[in-house]
Structure formats: C-alpha cells, structure tokens
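Note that subunit A is present in both complexes that follow, paired respectively with subunit B and with subunit C.
And now, the complex of A and B:
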C-alpha cells in the first residue's frame, strides 16, 4: 500500500456522505419553488396556527419521495417562527399501532414537553383522559399541538380508536391541533371508518417523483463541494469541474435513464450516488464515470440468477428434472417423481452423475434454503418429506440464463433443458 | 496417616463452612464493562491480514470497507447476504476488528424472541453485565418496539457522549484495540430467522426502518441474512438497505481454503487434486466438504509411514489407487466414510439401486439404533397398515396367522403385468396411507402373536401378578400405547388429519421400506408375505 491517501479526499467523502444521509439537506432545493409541496404544507399548518383552528392533512406518496423530509423542514421552520405556540408529538404506525402503546407514547411525549412526571403504570383510560385534558388546556393557552402520524395506514387497521379519539377531541374540545398523516399507500383515506372519515378534512398532498430538470439540479446540489477554506485551493475547483464533465456526458445520462426506468424516487438516486461515492478513488480524490457504472451494476441485482449460479451440479440436475416435469404438465411434483425422472435421464444418457437418495435429499434441502424451490402447501406435516408436493420458484428463462452463466455446467444439461 | 485424617476432617465439615472455603468462581466480579469493551477486544490487524485470512473474499472485504467509509462517516444500512458457511459473520467481525470501531453484535439465532433481542442489545449498550449480584437480569425490561426505540436512543446517546469525551485524548496508535471514532455499529445476524417468529413480518419491517425512525447519524446498521433480499419484500414496502452479496466459493477458492493450516501442504495438495473435483459436483458447501475431507484424508495417508514427506509422481499414483475405491461410495454418503474398502462387486449387481455397493450391505442388514422388540413390531405393523388397503386385512391376517395363498397361479400377459407395475408404482408414489389407532393395534396383536414364542415367554416373566386376571393384556396395552406415543415423537408415526366421518385421529407411517425390512430381519419376521402386491 504505497499510495498516499489525500486527506482532502476523505474529508470530501465524509461531507458528501453526510449530505446523502441527511434528508433535510437533500430536499431543501426541491422545496424552494413556490408551488412545491413544502410551501403548500407550510401554508396550511401556519394558517391553522395563526388562526387557532383545527386541521388534518394526509401526505401521500411512494416510499422515498421525501414526505418525512419535507415535513421535517416545515416543522423546523415553524418551530423557529412560533417558538412558544407549537408543540410536536410524533407517532409511528410500526411501533404504536396498538392503542395502549399509542396513548402511552402520546402521554409520555406531552409530559416530556411540559416537564411533567410521567407514570408508566397509567392505564389506557387515564392516558386518554390526560390527553383530552392537555388538549383543552393547550387550546385555552393558544398553543397548537401538531400530531405527526407516520405510516398512517397502520393506524387505520383494527378499530381505529386512536384516530377516532384524536379527531373527536379536536372537534368537541376547545383545542388547537393539527393532525398530519404520512403514508405510502395512496388510498390511505379509503381505509378510514365512516365516523373517522366524517371528522377528517379530506386534504391530501401528493408527493410525485421530481422531473428530470429537478434531478439534475439535485445532483449538482449534492455533489458540488463548497468553496470554503477547509479544502485545499485547487482541489475544490478540480472536483467540481470533474463533476460537471461527468454529468454532461451522454453515457452518464444513459445510466441515469436506466436507473429511473426502474425506480424514479429520490431515495433510489440517493442510494446510487452513495454507492458511487463510496467507490471514489481516495488517491486522486476525484469521482469518475466508472464509479457510477459500477454503482449501477451493483444496484441491478438478480438474486435468483445468483442462486442458480451458486448451485452444485447435482442441484442443477434436480432443477432440470423439475423443469422437465413441469413441461409435462405437472404443476407440482413430489420428490420421488423427480427422482424417477433423474433415474430416467441417467439411464438414457449414461451420465456419470448419479447419486444416492440421501445425497439428493440433502441437495433438495439446499435448494429449498436458497428459495429456489418450495413446498406448495403449508398446512402442516400431513405427509412425509418425500411425498410433499413441491414447485419451482424460478422461471424457465431464469434457469436457462443461470445455467449458461454457471462456471462448470455440463453441456448435457442445457441440451436436456431445451429437449 | 495424619494427612489423610486432616482431609477426612475437612470432608466432614458442615455445609455452611465448606461453602465459605470454596473459591467463588466469579471471574468478573471486579471488572465493570466500559465503552472500550465495545470493540472486538484484540489487537487490530491490517487489511492485508484480513485479506489473507479469507481467500476468495477479496472483493467483498474491500467493498465492505468502502461502504463503511472512513472514520466518522455516516452510512446507510447495509445488508450482507449469502448462503450458509460463506464467511459473512466472520468477515464482518474481522473488518470491524481492523477498523477498531465500537459495535454491538446480536444474533437472531441466540436471541430467539423480540424481548431477548432488544434486551441483549440494550445490555451491551448500557454496559450492563449479567452476574449474580443483579440476579442475572437485564438492565431494562423491554419487549415492545416502541419501548426499544426510546431506550435505544437514550443508550446510544450515552455511549456516543462517552466516546466523544474519550476521544479527546490523542490516540495515534491504532493497534491497541481501543475504540476509534464516534460512531456505533449495530450488527444483526441471522435476520432471516425472524420470518419464523411470531409477528415476524412486523419485526422485520421495524428493523429495516430502524435507521429512519432513529434519525441518528452516528449509528450504522449492518444486517446479515442467509436469504437474498427479495424474500423480505412484503406488500408494505420498505426502504431496502444496500445489498452486498457473498457468493459460494469457487473450486479455486476452496482449494486455497483447504490448504491453509495444513502441516504438509504438498501432500494435501495432491489429495485435493484427487477429491476436490468429484465432490464439488455434489455440493459446494464448505462445512459439508470439510467433514468428508478430514476423514478421507486420514484414509489417504494410511499407506504412508512418514506424514512429512512431499510425494513424487509415483507415490501420488499409489495413494490415488489406494483411495480410489472409497471415493465412489463416499460420494453417496452424507457424513460417514465407510471403513471397509470393498472387494468384490458381484453381489452388488443384483441390487436394484445401482448406487449402493456391496460394502453397504452389512449396514443395510442391521438397524443402527436400538429398539425394543415390541417397538419393532409396532413399526412393522404401522408400515403394513400404511401400505396395505384396509379391506384386505381380514384375509391377510386371518387366524392362521399369515397368508400363503395369495400367489397367482396363472401366468399373466405382459401388458397386464406392465399395467400392474404402473399401478403399483403409482400407489407407491401417492405415499403412505393413514389408519386409525384401532387398526394399528389389531394388526400389531395379530403379528405379535405370530412372532416367535420367545416374545410370549418374556411376557410371562415380566408379569408378577399373582391373581391370574387378564392383566397380561392390560399391561401390554398400556405399554403399547406408550410406545405409540414415543414412536410419534421419534417421527416414525405422524398424526394426520382426522377422518370427518369417524372423528378419530388417524396416523400415518413415515417408515421407509428399508427400515421396515431391517426391523423385520432383526426379528426374523417374514415381512414380504404380508405386503400387498397387486
């Protein structure tokens, strides 16, 4: 290891990776324009704070499109603008979908904000009474409580007691509260019960993937280094120059187009850039097009192909036998029928790879562990292992491709697969 | 002798005094864990050492180091996946040893429920060690993900604070095993086992979104899974971690791995030239190959007197011819190497399965585990009950105790013979049939009474009841019912679904024909006579 790592390279790597892992930095330029979701959301919440009314909104969009990030930006700005009249309660559907947990968590966060003592032994009713009382008090003091419900669709499962009590309290008690729900299901509001839906104002903000120009702007925003004095002089300009060269290259545009054809959310772009930046050559401290190409190929994984490539030759034989049985119109087959097919192949082609029953059973287990085959029915062990019907989990073309790229697949297997 | 008397005197001392004199084997009473214990503990090693320790994993190790980034660099969650024994866990731990960064490791195999998993992580972060003074309890009780998130945030905050204050002192030397940097890494091993847990899918969702929920840039998460990431796709969707794949070893890598730590590398290389290729066709898993190779290598070296010599071509040929007869049968065994090299293949040709050779015949003859006589009869009865249709019981097991007039006298035509063969094979393919308990007991009593008279003598010896009441049969019956349940536990019988008309539980026999034949042979029971053939 005789090459020197430039310390500036490490610093720039740290800086860029830190930016990529910080959602609020990523979404700031996207929120700059006046008709973006950021400004819409900010308008709604700030009006309800200033006018002292209740409100409820849903933020909907696919995963990784920045709902939580934009919400954090808005909340951060509001906390600066109105420091004393906003308090924030955060709930997550994955953690708090159970009503007990949810009420306990709300009570705990309220206690923490207002410096009250929280008792872990409080029951559900006590917690809900406490919450209603706090809502009334905060309403009288003109303080708005913002409830953020992540994974809103998880709260809409079951009896929806939390949603009902929150929305009901907002309507009946003198309270000032805003309920903001975030969900990746675009039909989250259809999941609500009738009485909950009637108390819910049907405001929805959709988060759509950004356009191509916005993506280009985002790339530049993420990858260009600031021209401050912590970096050596020529380095920053060289780095930014290289970035400009790469982004204007048509090959890079092709790479981006391939990426966006698969997944056009901001999150996948972030992962792509993260991977590319991690491959940065630390000796020169500059990014190159090969980094981005390697990042793209590592994002395009094909696990079933990899599984087939990892199989031993006996396992390939068994897969080919199953495929042949499938061709003969049997949709699920038992191990003994596969073994019969295996024996027929051995007899007709005189292959050298004929092994005993227990070795083949072990090979079946390996295939099942890799999720290349599975049992068709799971209703318990009503049959012994050799008589349970199984089926293939990969298609014929994947099997073909996998076998062709296998390191040492015997030619006879490919012939058998094609008949 | 005075010495003996004094030792006797101590032995006669009371329990309370002897417990005081016994050394309390608590090694870590005085040692309180600190933040420094969060690293691997040993001296740090260089990248080259890591690379040479893991032949064939060069690109994966370099990828992992690059993904984790330089010191104090925030990172997105990483998932490492690959099949068993491909070195995932050991590579991750050795890379963290090289980087000397603090980490918390927990495996979902040893922590088999969410509560144990959460508490194990919290114990490590809160630097709490279970010992007798706190009754071997955890620091905090935590079984819900919501509590876990709050407690984890607190604990991580404390650890990061102490790391930051500790790293104020300059520590240029990386090799003393002290933690470097301000980031803490959480490693979750065997994540694929969570799928089988109760509410496993929720816990998996929670793990994958842990990074987003906590929003702490000083936390790095590494997930190790035996299954590829596409099995975790659910209809809820999740932000998937960065995948890193550990493929199976190629033949060249396997050769390098096996050559490590060998006393005589040339000899072992010659051995590998012979065995590696054929065995790789069957399986490429490291643990299966290593068990076979270790016993085969001992056989290989048998004709050699001096194990330290490096063989020339002539000797290699000799050793190969010595080993060759063992290779073929060994390919068909899973864990054993048979001890007798076969000599004479003539008897093996009559076998239908072409893969068994004659040396396995002795093993075929006997059961390799012990069963009582009544259990063997039960096994045979279950096998017969599953194979024969119920309507033929009366004629098969009549009072004469056997069937001898089933053989067809007339010669069947070839076509009908073929059809019968096909029908028989289809019946075999359908699998063993199910039977109620009464049928099993009836068949058992029938064949047990037919069996050798020594069985009856044993009974009389065991029966000590003076009143000649029919306790014999009752003793036998309760004994048999116990045997039925122990056969069920041993998976020779399974309970299949109950018949909807009768409502009683039906059983099914899982015994293969070989095992039934072995059991029958050990009892000198003519099994073939009772098997129904069309």
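And now, the complex of A and C:
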C-alpha cells in the first residue's frame, strides 16, 4: 500500500513545486479580470503598437509584487499576436546605468534582432547614431521597439543621458517605440530631471498587494491537483479534499494573517507555500496544517533567540550579569567587572553554579563566537582579552524571551533579570 | 519627409475640394477619411428624418471646412508657408464658434469607431508638430527679426532662449529656421547653413566645435594638428574668400550640458561670434533663465552679451487655445469644452507644460475608450445610446492619475507591521531631529506594539522591513558597519502619512 502512494506523492510534489517556480503560471489567474494591471498594461502597449504612436509607462510596486512577471506575460502575448511588428530590448539599471554600456547593449541587441553584425569597437557616438537610424527605419516599417528598463531608478542617477535620448527620440514622428520602466521606488519619476520628466508621459501602474479573496483563489489554483490520468484517482480527490479542509480552518487563516502582517507581497506567499509543500509527508502524500506552521516559523526565524536558547547555564548567568551591569548604566564592561557581578550573585543567592575563572573565559569565547556579545572597539588589540570592554548584542526582551524558551533555565535567573 | 501638417489656421482659404494628390509616406488616415465621408453622409441621411431642421443645415454648412480639413494632409509645403504668415486671430474665433454650433449635432462622434479614435489621438500626440505654432508668434517674430537682421548686415550675433520644459522652444526654433531659409531664398541673400546640435549627444563638451567645423568644411578632413576650436578661431579671424560667404546658423539645444567647471567651452562658443570676421549666428536653448548672467560674465565686459528671449510657461488661455487648434481640424467633436477648460486650468496652475496637457487629454480619451468598450460587452447590438464625448469626469480621472503621487495608495496597502513602522517614524521625526538609528526606531515600534498588544516582530524582521520600505522610497537607510547603527530618515511628508492612515482609528490615535 505504502509503495503505491509514494511515487504519486513525489510526482505531485514535483508538480506543485514546478508551478510555484513558474511566474507565468502564478500570475495568470490574477490577471484574468479586466481591471487588473495586466489588462491595463496590455491595453496601453497594444494600442501603441496598432496605432503606431509612442508611449512611456512606469510600473511601480514593492519587490516581489509581480511587476516583471506581469510584464513578461504581456510581452509574450503581444509577441504571439503581432509576431513581426514587435522587437524587444531589455536593459537593467544595475548593469547598464553607465551611458557607454547602455548604448552598447542597445546596439548589440538591435543587431541581434535584425541579424546585423555588431562591432565591439564602436564608439558611443556611432552607437547612438546607429540607434537613431534604427528607430527611424523601424518607424518607417511600422515595427515597434519596446524598451524594458529594469531598476529604472538606477538609470536616473548621473546625467540621465540615456533616458533623455530615448524619450527625446520618441518625441519625433519618425520613431515608434514604447519605453516601460520597472521600479520599486514610488517616487521614481520625481528622480527624473525636469527635462526628462517633461518628455515622460506620466503613466504609472501601481502594483498593490492582492486582496484576500484573490489570495484564496491563488492558493486553490496553486495547490489543487488536476484530475488527469497520471495520478491515481482516489489520491487526487483526497489531496484536494485535504487542501480544502486546511484552507477553511481558522488556524490556517491565523497563520496567513501573521504572514501578511509582516510581508504581503505575492513572492513571500510563494516562498511560504514552497516551504510548506517541501515538508510534505511523503508516506501519506497529503499536506497537513503542521507543515504550514513549520513553514511560518522557518520564515520568521529569530537567530539571536535561537542562540540564547542553545546557551549553557553558565553562559546564561554571564549574560544576566552583563544585563544587570547595563541596567546600572554601564554601556560596556570588562570581563573583570562581569566576574565581580557573578561573584556577588553567587554570594547573595548561594547558587550551586559557581565556576572557576578559566571556565568562564571559555564561556565568554563561546558567546563571542555566536555573536551574542562582542568587543566594543577594535583599537585596543594589544590588551589581553580580559581587559577589553565588551557589550551585549541582544536586547533585554530578546534575552528574556530566549531564557523563557530555554529548556532548563534556572528560575533565579529570570528573577534576577527582572530586577 | 515633409512634416505632417496639423490643423490649418485659416480653413476658409482652401475651398478646393478636388485636391487629391497624395504626398508620399503618410499614414493610412487619409484613406479612412474618404470612408468617413461616406459614413457621415449616410448617417446624415438617416438622421435627417428625426432631427430638427437646423441640424440638417449644419452638416451642409460644415462641408466646405471639413473638406478643406480633409485635404490638409495632402497640401504641399507651399500652402503651409503661405498661411503661416497670415493672420491667425479671426479664423480661429469663427472656427470655435462653429464648434459650439456643432455641439448640437452629436451623432458624428462615435468612440467605438477605431479610426476616429486613432485620428483624435494622433491629433493630440506630442510628436505631431502643428503647421503653425500658436501662442508663440511674438517670440518667434523676435527671433526671426534678429536672424534676419544678422543676415542682412552680414554680421554675427548670439541669442539665448530660455524657458521651462514643454514651452515650445525647440518647435519654434525649427519654424524660425524654415522661415529664415525661405526668406533667404526669396530675397536672394546667400542661403543659410544650419548646424543643429543637441548637446546631450556630445561625449565631450569640446566636441561641439568639431561638429560645427564638420559642417563648415565638409570636404576637408579634420587633421589632428590643431584642435577644432583653434581652426574655427583662425577661420573667423581672417577675411574670407568670396566663395564661401554663407552665414552659419548654429542652434545649440540643451546648452547647459556644455557647462564645465571653468566654463571654458561656453565662453569660447559665444566668443566665436565676437571675432572680427565671424559669420555665425548662435542660438542657445536651455532652461535656466539666468544662464547668460551666471555663466558668461566675460561677455558682458566685451559688450556682447547675448540677447535673451524668454519663453514663459503657458497660461490657461494659451493651453486651451492650442488644444482647440489641434482638435479643430477633425470633423467631429470629441471633447466637451468644459473638460478642455479644466485640463488647461490644472496644467497651467501646475507647470504650464504643454506636453503634460496633451498627455492628460490622451489619457482621458483612453478612459472614454475603455468605458465605451466595456459597454459594448454588455449590449452587443444597438446604436450609440447617447453622445459619448469626453466629459468632466473622464478628464478629472485622467488629471488625478497624472498628478497624484502613488504614496498614499501604497501606504494604505502596506502590511500592518510596516504601517506601524511608518507611523513610529512619523512620530520620531516630528521634532527637529531628522535622523535616528534603527535601534531607536525599534524602541518606538516596540512601544506602539506593546500599547496595543500586538506581537512585535524581532529585530531581524524589523531590519528587513525597514529595508523594504527603503527600497520603496518611504524611508531612507544609510549604510553602517553594524546593522543597528544604520541611520534612518523619513522621505515622505508626515501629512501624507496622516492622510493615508486616517481611516484606521488605531493609527489616528497613534499619530495624535
């Protein structure tokens, strides 16, 4: 029985993971409505192509909200609809913000599209003349060139020569081009010089996070298995049934809400589902709520908390001593003072955990390696380790939380921390 | 390729319907206008039974200007030149009056007709230069007089044109150049040679001299011995042979790209006109009003400061007039007059930039088109229910799309924790302190979370969210060695934040 299910489980896992990694599959249902960004963008670009007029658009939105994915969908559809009248040039602000590089890259891509020979030795002047000539030729042949500028705000640094020449070329009747800029900065068009801004046509499409209903629809779209013959029939219906149960559970909704309170982009949802699906139990072949809970905690890790949780008791003592010194208005303290505090605690509370100096020094080293404490300055290299000032790298609340979730933290430490 | 002529200024002049020559390489709009003619006569015949009497007469009255309007794409260059010198005021007013009459007849404009939509969009496109430049006659005349004077006296001179972007400077320069060439042809003065340089395309600012030289002596190749500037200077300091006594008109667009630290290039350029045998007329175009004063003090001492012509930003009446000029040639009325008026009013109050006005009008057209198409899906068959012109609400929607910043929308759609961070930043930077570390901001954030029993995010997550907000341009994060010591400042106005979050009571109380 177990052997039968496992290959289907693996196959379904691969299928879902493949879906999650394919942006066009993910964004298709979000683009189905006529009010979506996909249709707005498609309308603008297709009217520019059919009417042969120039246009410029800016796509704005936080990272991971699907700007590049929707643009790829639109471009793919347009290349199918108008196979001969569209040519695409892609530039990235991180790579091509320098004018020389940008012009060279545009010339190279134009040469590749039109099967011309490209010479690497061409100068900036020659490249720009070539580009202007190509724009004119394509305009006469009614072929539209689409310029896609990723990380648009990086192009707006410096003299903005590339932006000016592109937008200026679009002011003439002879060229037929569309400039699409993608940026995560909302004020990307305020970064433009006034000359360039005047030539830009001020169309902005904002990519806001999808609404709750859209997210629910997206979840279903991504996680339901298709009922085709490659999967055993019973398995598909059981899997989809389980998914429906999970998504209607209030605990799942709580998990989603915690996720969205931190980051509500589509990308973070995809990462979350990917982790949950990867934790799927292959023997049963079905997802469960625990998978999603574990995925959430792995996404919202707190490394310092985990470091405190793994500390030994002695290390916890030392941390509490340092915290108490901090409360007494000492922002950095030498090991000697910490040891003094440690002795005072031992004397006043008669604890059983009193260790010798060299053991404590080793504990300090461990804490420093884990970056829970550190030296305050690097200048005094000549001083030996015991006399260099140190400070805590975690806050009081983190320490508190870590100690509370520690497996066997002595109660006295918590009491000491609160005072 | 001859410039595609826009609406003519004096349609009453051309009462010639038989002009059917087609100049090469034009769009297919003219073929469609023939079809349009048939459509209109058909619809006029249909409508005649139901509409009142005066509307029947107006199509007839309209025929001659419409036919002239149709013949405009086919007019040759001479006619354009003829009427460019003509008087513009009265025909425009009479045409506008006809427009108002025509508003009664509403059955012509059909937003679902693709050809009509295309024609209107073309008329409103920025790249379509009209045949006459309205509202800039004064400035054009001044420049032309200056150039004419220089040509007549065979003297050199310099002129500086300044103005905000989108005020018609480059357009007017093209017209003046054409005017000057025609005038030279007419009066028999030796023809003008023009060098038109856009200074953004120069890799080095000294390249402008080689460009001027390249045009001046096309036969001779630049020899590497003396730099182009010296060649030009020597050229202009000696008496010329009679063969090449042409005047040279140099138009330097976006001249502020030539400004270097020691302003050497600009000085040399303008001083070329002061040399004894110089034959160049230099026209510099830029945005700064005081470029001549700030960057060319030497010229004042030499007593050859350039003449300054300022292109002021367009006023509301000017924008309205230009928009109407562009639309007057079309045989149908697509825009309601109050829609155009509000567009002109808003754009002139903001910047006076003509490109923006044209852009907003095209946006409004597109909104109308989407609306018309939307209603097509609902009722697939049936006549146009009522006249769907671009009304006030379309124009207002287009204006808000253009002028609104996306900040408010984005803040409203941020996830909750990021909104709390933005709130705490607004509170933190209320006083004189404009700069804080992430650790301090984290403290404020924790306070707000505690006061409302929301579980706060850990410091790593907090730093990540601050980075995301930095990417979006809401906060500004500096770089520092230690993550906690990075400094944060707010990029968005606090008023925007308050406005965006005013619906939510929690934030309203928070920001008090």
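In this text, the second predicted complex is superposed on the first by the 298 of 419 C-alpha atoms of A that agree within 3 Å, B and C clash if a C-alpha of one lies under 4 Å from a C-alpha of the other, contacts with A are read in each partner's own complex, and residues count from 1 in each chain.
Just so we're on the same page, a contact is a pair of C-beta atoms (placed from the backbone, for glycine too) under 8 Å apart; a residue touches a chain by one contact, two chains touch by 3 or more.
From a predicted model like this one, the values you see are computed outputs, not experimental measurements.
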After lining up the shared chain so the two structures overlap, which partner does A:140 touch, if you call subunit B first and subunit C second: first, second, both or neither?
second
Contact-wise, after the overlay, does A:233 reach subunit B, subunit C, both or neither (first, second, both, neither)?
neither
In the superposed arrangement, which partner chain does A:63 touch: subunit B (first), subunit C (second), both, or neither?
both
After lining up the shared chain so the two structures overlap, which partner does A:350 touch, if you call subunit B first and subunit C second: first, second, both or neither?
neither
In the overlaid three-chain picture, which partner chain does A:313 touch, first (subunit B) or second (subunit C), both, or neither?
first
Mind working out whether A:53 is in touch with subunit B, subunit C, both or neither, as first, second, both or neither?
second
Contacts for A:303 in the overlay, against subunit B (first) and subunit C (second): which applies, first, second, both or neither?
both
Just checking: does A:250 make contact with subunit B only, subunit C only, both, or neither of them? Give me first, second, both or neither.
neither
Where on subunit A do subunit B and subunit C both make contact?
62-63, 184, 301, 303-304
Subunit A residues touching subunit C in their complex are 34, 43-44, 47, 51-54, 60, 62-63, 123-125, 128, 140, 159, 161, 164-165, 168, 170-174, 184-188, 190, 194-195, 197-199, 201-204, 206, 208-209, 260-264, 300-305, 395, 397-398
Okay, in this complex, where on subunit B does subunit A touch?
47-48, 66-67, 69-70, 72-76, 83-84, 144-146, 149-150, 202, 205-206, 209, 212-213, 217, 226-231, 236-239, 242-243, 245, 247-248, 250-251, 280-285, 288, 331-334, 353-356, 428-432, 494, 496-497, 508, 510
For the subunit C and subunit A complex, residues of the former touching the latter:
1, 3-4, 25, 27, 118, 121-122, 125-129, 164-166, 198, 200-201, 203, 254, 257, 287, 353, 355-356, 359, 363, 366, 370, 374, 401-402, 405-407, 409-410, 413-418, 446, 457-461, 465, 468, 471-474, 491
Under the touch definition given earlier, write down the residues of subunit A that touch subunit B in their complex.
1, 10, 13-14, 17-18, 20-22, 62-64, 68, 92, 94-96, 98, 101, 104-105, 108, 184, 267, 271, 274-275, 278-279, 298, 301, 303-304, 306-307, 309-310, 312-315, 334, 336-337, 353-359, 362-363, 366, 369-371, 381-384, 386-387, 407-408
